[in-house]
Amino acid sequence: MTEIVALEALAARVAPGQSLAIPVDSSGVAMAATAALLEAGIRDLRLICVPISGLQADLLIGAGAIASLETSAVSLGEAGGAPRFTAGVKSGAFTLRDSTCPAIYAGLLAAQKGVPFMPIAGIIGSDLLGVRPDWQVIDSPVGEARKVVVVPAISPDVALFHAPEADRAGNVRIGRHRELANLAYAAKRTLVTVERIVDRNLLESEDSAAGVLPSLYVDAIAIAARGAWPLALWDEYPADEAEIARYAAMARSEEGFRAYLSTFLSHRKQVA
Amino acid sequence: MSSERERREILIATIADLLDGISHVAVGASSPIPAAGAMLLRARNARDGKAPVRISILGSQQHNFFTNGGIELFDCAAQGRVDAFFLGGGQIDGQGNINLVGTGDYPRTGVRWPGSFGSAYLYHLIPRVILFREEHSPRVFVPKVDFVSARAITPEVRRRGGPYALLTNMALFDFDREAGGFALRSVHPPFTPADIRENTGFAYEEPEVVRETPRPDTATLALLRGRILDELAETYPAFARTMKQAA
Amino acid sequence: MTEIVALEALAARVAPGQSLAIPVDSSGVAMAATAALLEAGIRDLRLICVPISGLQADLLIGAGAIASLETSAVSLGEAGGAPRFTAGVKSGAFTLRDSTCPAIYAGLLAAQKGVPFMPIAGIIGSDLLGVRPDWQVIDSPVGEARKVVVVPAISPDVALFHAPEADRAGNVRIGRHRELANLAYAAKRTLVTVERIVDRNLLESEDSAAGVLPSLYVDAIAIAARGAWPLALWDEYPADEAEIARYAAMARSEEGFRAYLSTFLSHRKQVA
Amino acid sequence: MSSERERREILIATIADLLDGISHVAVGASSPIPAAGAMLLRARNARDGKAPVRISILGSQQHNFFTNGGIELFDCAAQGRVDAFFLGGGQIDGQGNINLVGTGDYPRTGVRWPGSFGSAYLYHLIPRVILFREEHSPRVFVPKVDFVSARAITPEVRRRGGPYALLTNMALFDFDREAGGFALRSVHPPFTPADIRENTGFAYEEPEVVRETPRPDTATLALLRGRILDELAETYPAFARTMKQAA
C-alpha cells in the first residue's frame, strides 16, 4: 500500500545507478523532489525523459547526477536551448540515447503489457535507427509484407512526478494527463509529490475516478507545496517564466550554473 | 515594425492557404505563426460556410481535444485523424530531410539542438507536413543534413505522410514526392529569385517566371487583425501583444 | 465533425458485411440501436465482441444477422449460457473466431497505433493458437531469447456503444470505461447512442475531460432513452434481471426466440 | 439448508487460507464464494494487524480500483501486480489444463460453453491461480480436456503464473508445478478419499493419511456470518441473502 512520507524520505528511495523516468514539463514535474535528490548527492542516474524534458533534466545534468540520458529532446521551451544538456553532449559527460517521442511511449507500453518489445509506425529512414542499435526493423510476422520498427521495453526502476492532490489511500489525481499513468504502469516503483492530501476518496464518483491514478501503482507520496516550481502545474499555477529565463542565462557557464543551483537548493529548503 | 507585421501576415495567410481543405491540424506548443494560420483558415471557412476546421495546439488547455495523455497525438496521426502538421529543423536539405539533433559527428555534435521530438514518426504519418523555418540561410538549407532526424521519402516503405511545402521568411517551395525535391513556388516581397538562390544551400526547381507571394487581401487582413489576434491571445499572449503593438 | 441524428439514421450507417465492434455488457451496450439494426434487416455482420458479449450478441445471432463472430466468450452471466450462440455454434451458423480477452484488446491497440500486429504475453500452450492461424508465435526480435505471441490488428468498420451523455460538439462521457475509447480509437467509424445531450462542454474542466471520449472519434450520435435496456448503464440504471431471465428461458427454442424478438422490437418502437 | 451453509463456509474459509500472504487478489464478476474468501482474509489480516489485502472484483463499483478500462486487469497481471485469481472450467484435467470452450471436436463442439475469457493469458501471469469448481464429477475432472483454453505448465516458456490449488465441493488439491499434477490435500466432511477417487476422472497423488478439511473456527465463523456477509451484500445481494436465510 502507498506510504505517505516526508520529501527527504521520498528522495531517499531513489538510489544511485537506478533508471529514473520523469515527465514532460507541462505534465507535472517534481522539482522540489529533484532539489531533495540533488541535496542528497544523487549520482549515476539513468534518466529517461517521457518523452522530453527541460529544466529538470538540465539541473540533474549540470549537477553531475546523470550517467545516461534517454530522451527525444531537452529544451527550455520559450527560454531557449538547455545549456547544461548542450555542454554535456559536447563533453561526452553522459551516455546519450537519442529517441523520438512515440518510441519512448512505446517502450513504456511494452513494459506495461509485460512484453519484451513494441512495434511502432514510422521512423524508418531516420538516422536514429543507426544510433539506437537496440531498435530493430523487422518484417511484420502477420498480414501483408511490411517493414516495422520494434523498440525494446522500457521498465524504469523509479518514476517520479508531481500532481495536485492525492487521497489518504494513495490515489493520485492526474486529470487527463494519462502519460503519468503510463509512467507508473511501466515503472517498478512510483514516487509522487503532491500539493496536498485530501480527505475524500478520489475514486468515489465515476467522473473523479476517470482522472485518477490508483494507489495500486503508487509506492510513496510526499507533500511538496508548489512542488513543480518554477515549472507550471496544470490547474494550479503557471510557470515562473522569469525564473526559467534567469536559469537559462546563468546556466550558460559552469560557474553561473553552480551559483543558480546553490540558490535553488537553499530556496527549496526555505519553502520546506 | 510595420514591415515585421507584414512579414508575419504574409506567413500566416500563406499557411492558411496551404492548409486549405484539411479538417484537423495539429500545431506544436511554441508555434504562434502556424497556429495563427490555422485559426485564419478556421475563421475563413466559418465565414464562407465551408467545412469546420479542428485545431489541436499541443500544451494548450483551450485547444486540447485529447484526453488520453501525451501519446494521443501520435496515435491519432497513425489512425489518419491528423491531416496537417508543422516541422522545422536546424538543417533541412534538398531531399526534404530534417535535422533536429546537431551538426558534425554524432553524438558529440558541434552544435547540439534539443532533439528529434516526434519528427521521425510524424513525418511518415501526417499527409500534409508543412516545413516552416523562418531563417532562410545556407546554414539552414543545406545540400545534405548531418543527421537525419526524419526522412522525407522512403521508397522501401509505404507511407501516407511527408513534406508538402517549405515556407520561410523569403519564399514558399512545393515539395514533389515523386521527384524527391523542392520547387520554388513564390517569393515574398521584397525578395527576388536571386536572393533565394543566394541563401539556399540546396538545389531546387525554379520556374521561368517566379510569382510573388500574394499579400493577404483586405477581408483576410480584417480577420487576421481582429478575431485571430483575440484567439491567439489565449494561447500566445506575448505574440498577440507584439502583433497588436505593430498595428 | 460529429453529427447528431435519429436512431434509425444512426442504424442505417451500419451496412451488411461490415465488421461491427461492441463492448461488454457492463460498459454500455447500444440495445436500442441493436433493435433498430434488426428492424432494418441487417445481415452478414462480422461481429467483434470487446472482449465478450451477452444478450446483444445472442439477439444478433438468433436473428441471423451474423456472418462471423470474434469473441472471448458469449454468456448471459447470472442468467446462464447464451442459447442462440450455443445453438449457432453447433449448427455452424457463422464463422467462429474464438479469442481470449486481452488478445482482442491487443488487436484493437495495434489498430490504434497504426501497426500491423501487437505482441501479447501468455497464451502459449493454449489450443486457441491452433484455431487462430492468424496468430503467430515468434522469437522476440529484441532482448533475451523469448517466444512471444503476436496477434494482427483489429480495425472494425464500425464501433457501436451506449453512454450516459454527450455534449453538442459530440464529446461523449465514458467515465472510467476506457475500453469504449479503445474501441473508438481502433474503429474506422464510431456510432454512439446516449441517454441525453447536454448543453455544457464536457471537455471544460480537467476532471470532466478525463472521462470523455473526444468528438474527434465520434461520427454520429443518436438519443436513445434507456438505450441499454434490458442491460445496465453504469451510473444510470441497473440491469433488468427479470427480463434477461425471460430472454434466457424463451430463447432456448427457435420459436421462443422469434416470439421474444418480436416483442423486443415492438417494445423498442413504443419507447421511441 | 444448514449443511448447504456449512459447505459454503468451508469453501470460503479454505479460500481465505489459500490466499494467505497475498496483497492483491482479483475476483471474477459472478464469483461470490471466492470474493467472500478474499474478504475473509482481508478482515482477518486487519483484525490481526497483518498486511492489508486489496480485492478487485470485476464489474463491481465498490471494489474497482481500476481506471484504465477493461484491459487494466490484464496489464496489471503482466506487471506482476496481481497475486491471485480464480479460474474454473467446464473440464479440468490432471495436468491442470482447463477447457472453457466445449466438448468434442472444435468448432462444432457437442457441448459449447461461453468461451476462454482471459484464461489463456492470466494462467501464465498470475502466480497463485486457484482452480475453483464446485461440481466434483468425472465429467468435469477428466484425464485430458477436449480443448485447452489455458495450459497449466509450458516448459518451453518461462512464466510466473499457473495453478496453485484446486478446490471443489468435496476436496482440496495442491498443484505441483514440477510434477505437473495434483495431490489431494484434504477432503471436506462428510466425504471420504474413496468418494474423491470415484468422482475424479484424472489420476492424482494421494497421501497415505488424508486429512479432513478443517471447519472454520469460532472466530472465523463470527467474521464470516457478520462483517463478511455485510460486505458481500454490496456486490452479491442475492448470495448474501441466501447465506443469511440459511442461518
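The first chain written gets the first letter, and so on, giving A, B, C and D; residue counts start at 1 in each chain.
Note that a contact is a pair of C-beta atoms (placed from the backbone, for glycine too) under 8 Å apart; a residue touches a chain by one contact, two chains touch by 3 or more.
The UniProt protein names, listed by chain, are A, B, C, D = CoA synthetase.
Note that the structure is predicted; figures quoted are calculated from it, not measured.
When the C-beta pairs in contact are tallied for B-C and for C-D, the bigger tally goes to C-D.
In whole angstrom, the spacing between the mean C-alpha positions of subunit B and subunit C is 40. Averaged Cα coordinates give subunit A a centre that lies 37 Å from the centre of subunit C. Mean C-alpha position of subunit C lies 29 Å from that of subunit D. If you average the CA atoms of subunit B and of subunit D, the two centres end up 59 Å from each other. For subunit B, residues that reach two or more other chains under the stated contact definition are 66-68, 78, 125.
Across the assembly, subunit A contributes 113-115, 120-121, 146, 176, 181, 209-211, 234 as residues in contact with two or more other chains.
Interface note: chains touch in the pairs A-B, A-C, A-D, B-C, C-D. Touching subunit D in their complex are the following residues of subunit C: 24, 26-27, 50-52, 71-75, 77-78, 81-82, 85-86, 89-92, 96, 98-103, 105, 109, 120-128, 131, 146-147, 176-182, 234. Across the interface of their complex, subunit C is touched by residues 106, 110, 113-121, 134-136, 138, 140-144, 146, 148, 150-153, 173-176, 206-211, 234-235 of subunit A.
The residues of subunit B lying in touch with subunit A in their complex are 29-30, 59, 61, 66-71, 74, 78, 100-102, 106-110, 112-125, 147-151, 153-154, 156-159, 161. Listing the residues of subunit B that touch subunit C in their complex gives 23-24, 52, 54, 64-68, 75-81, 125. Interface residues of subunit C, counted against subunit B in their complex, comprise 1, 111-115, 181, 185, 203, 209-217.
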